[in-house]
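Written below as structure tokens is the structure these notes are about.
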Amino acid sequence: MELVPNGTLITASPEEGRAPALNTARLVGRATRPDDDMRTRLRPEYAENPDSLVAVAHGVAVEFATVAAANDYWR
Amino acid sequence: MELVPNGTLITASPEEGRAPALNTARLVGRATRPDDDMRTRLRPEYAENPDSLVAVAHGVAVEFATVAAANDYWR
Amino acid sequence: MELVPNGTLITASPEEGRAPALNTARLVGRATRPDDDMRTRLRPEYAENPDSLVAVAHGVAVEFATVAAANDYWR
Amino acid sequence: MELVPNGTLITASPEEGRAPALNTARLVGRATRPDDDMRTRLRPEYAENPDSLVAVAHGVAVEFATVAAANDYWR
Amino acid sequence: MELVPNGTLITASPEEGRAPALNTARLVGRATRPDDDMRTRLRPEYAENPDSLVAVAHGVAVEFATVAAANDYWR
Amino acid sequence: MELVPNGTLITASPEEGRAPALNTARLVGRATRPDDDMRTRLRPEYAENPDSLVAVAHGVAVEFATVAAANDYWR
């Protein structure tokens, strides 16, 4: 499993930098989650919990901060 | 869907930098949320939970930190 | 509604920098909260929950980190 | 109420920098907490909740990061 | 127990930098967890809680930010 | 009570930098916790809650980020 999409933090634009941040958050979730079966069972409960989604957004914000710094904020 | 409003982190002022941070938080929420129907169902419960709102504010603060650094704090 | 008090992150002192951080946290809360009526209903429950207050303090700390960096830490 | 102890982020040592971080966390808590009466009622419940204490420690860590950067890490 | 894998934050690539961040999160968990027996008991409950997994991902994001900065973002 | 172990953030290696981060998190916990008696009562409940342990790991990650920056990442 690739933990950093394309193996680099450098992207052409903030838009592209946001996408890897989202992917990375998903990949970390997958790496720490035991099996596909459980993931399927978890999704409905999870998708209905707004607090979980806010927490995901927060984690993505932290990942994006790293990607943005890596790209010198695409200045 | 545009993940970074206007495709840039650079804004003319802190006020404008705060607005994209809010939008970005909303966009991430939307990207990870399955469908509009569920979003409508979730909103009342969510809007009444002050802890959710505090958590949103925290996520926005992290996004704003990135936007502020990108703009060299509008110094 | 002004999202960044006075439209700047630059303040004369850490004390003044803390105040905007508090205001900003309140403003973000207001921007994502639907109406004044609900806010009034929420306050008592919220004010009695120490965890909510700790979470607010944490969000303020993140905002203050940005304001402090913007002011080069008032060095 | 003083929001930043002594009105400065600069301290002589990390040890002294940690103390203001603790104080600041307490002051923010106080600034957002409505009255002394409620604070007294809240304390026992709060003091028995280890998660609250972990959350306080996390907020202090964020404050300390700012104070440490302000002091160029006392290098 | 080794708290920082290989005793260094420097890695050859973001992909390799992500791996230590994951390991470090696991090691901290282990260092604060009392015994193997309890860990075995905790795992099923934990693995089924998506919020726990989101929280782990967030902690990994913070660790990865440090590793990425240490490697000057593998620029 | 010493709030920063050895009164400095500078360490010889990342491994040593991780240890103070752990100690600091424990010290902050102790500083905000009222008495030893309560601490003993709290520990079993706390030690069985994986979310508490994840939260501790997250706080340690924030402390470690500060220690790592103070040491210029032991580069």
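In this document, chain identifiers A, B, C, D, E and F correspond to the written order of the chains, with residue numbering beginning at 1 in each.
FYI, contacts are C-beta pairs under 8 Å (C-beta built on N, C-alpha and C of every residue); 3 or more make two chains touch, one makes a residue touch a chain.
Keep in mind that what you see is a predicted model, and the values were worked out from it rather than measured.
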Inset, instruction - Spell out the chains that contact subunit B while also contacting subunit F. - result: none
Legend entry - Contacts common to subunit D and subunit E (chain labels): F
Legend entry - Identity of the chain that, by mean CA position, is farthest from subunit A: D
Inset, instruction - Could you label the subunit D-subunit F interface same or different, taking same to mean over half of its residue numbers are used by both chains? - result: different
Legend entry - Angle, in degrees to the nearest 5, of the Cα rotation that carries subunit A onto subunit B: 60
Inset, instruction - Using mean Cα positions as chain centres, tell me which chain lies farthest from subunit F. - result: B
Legend entry - Centroid spacing, where centroids are CA-atom means, of subunit C and subunit F in whole angstrom: 27
Legend entry - Distance between the centres, which are taken as Cα means, of subunit E and subunit A, whole angstrom: 15
Inset, instruction - Would you please write down the residue numbers of subunit A that are in contact with two or more other chains? - result: 51, 55-56, 58, 62, 65, 69
Inset, instruction - If every chain is a node and every touching pair an edge, decide which shape results: line, ring, star, complete or other. - result: ring
Inset, instruction - Please report the chains around the ring in sequence, anchored at subunit E, with subunit F in second place. - result: E, F, D, C, B, A
Legend entry - subunit B-facing residues of subunit A, complex: 13-15, 17-19, 22, 47-48, 50-51, 53-58, 60-62, 64-65, 68-69, 73-75
Legend entry - Partner subunit E, residues of subunit A touching it in the complex: 2-4, 7-10, 24-25, 28-29, 31-34, 38, 41-42, 45-46, 49, 51-52, 55-56, 58-59, 62-63, 65-66, 69-70
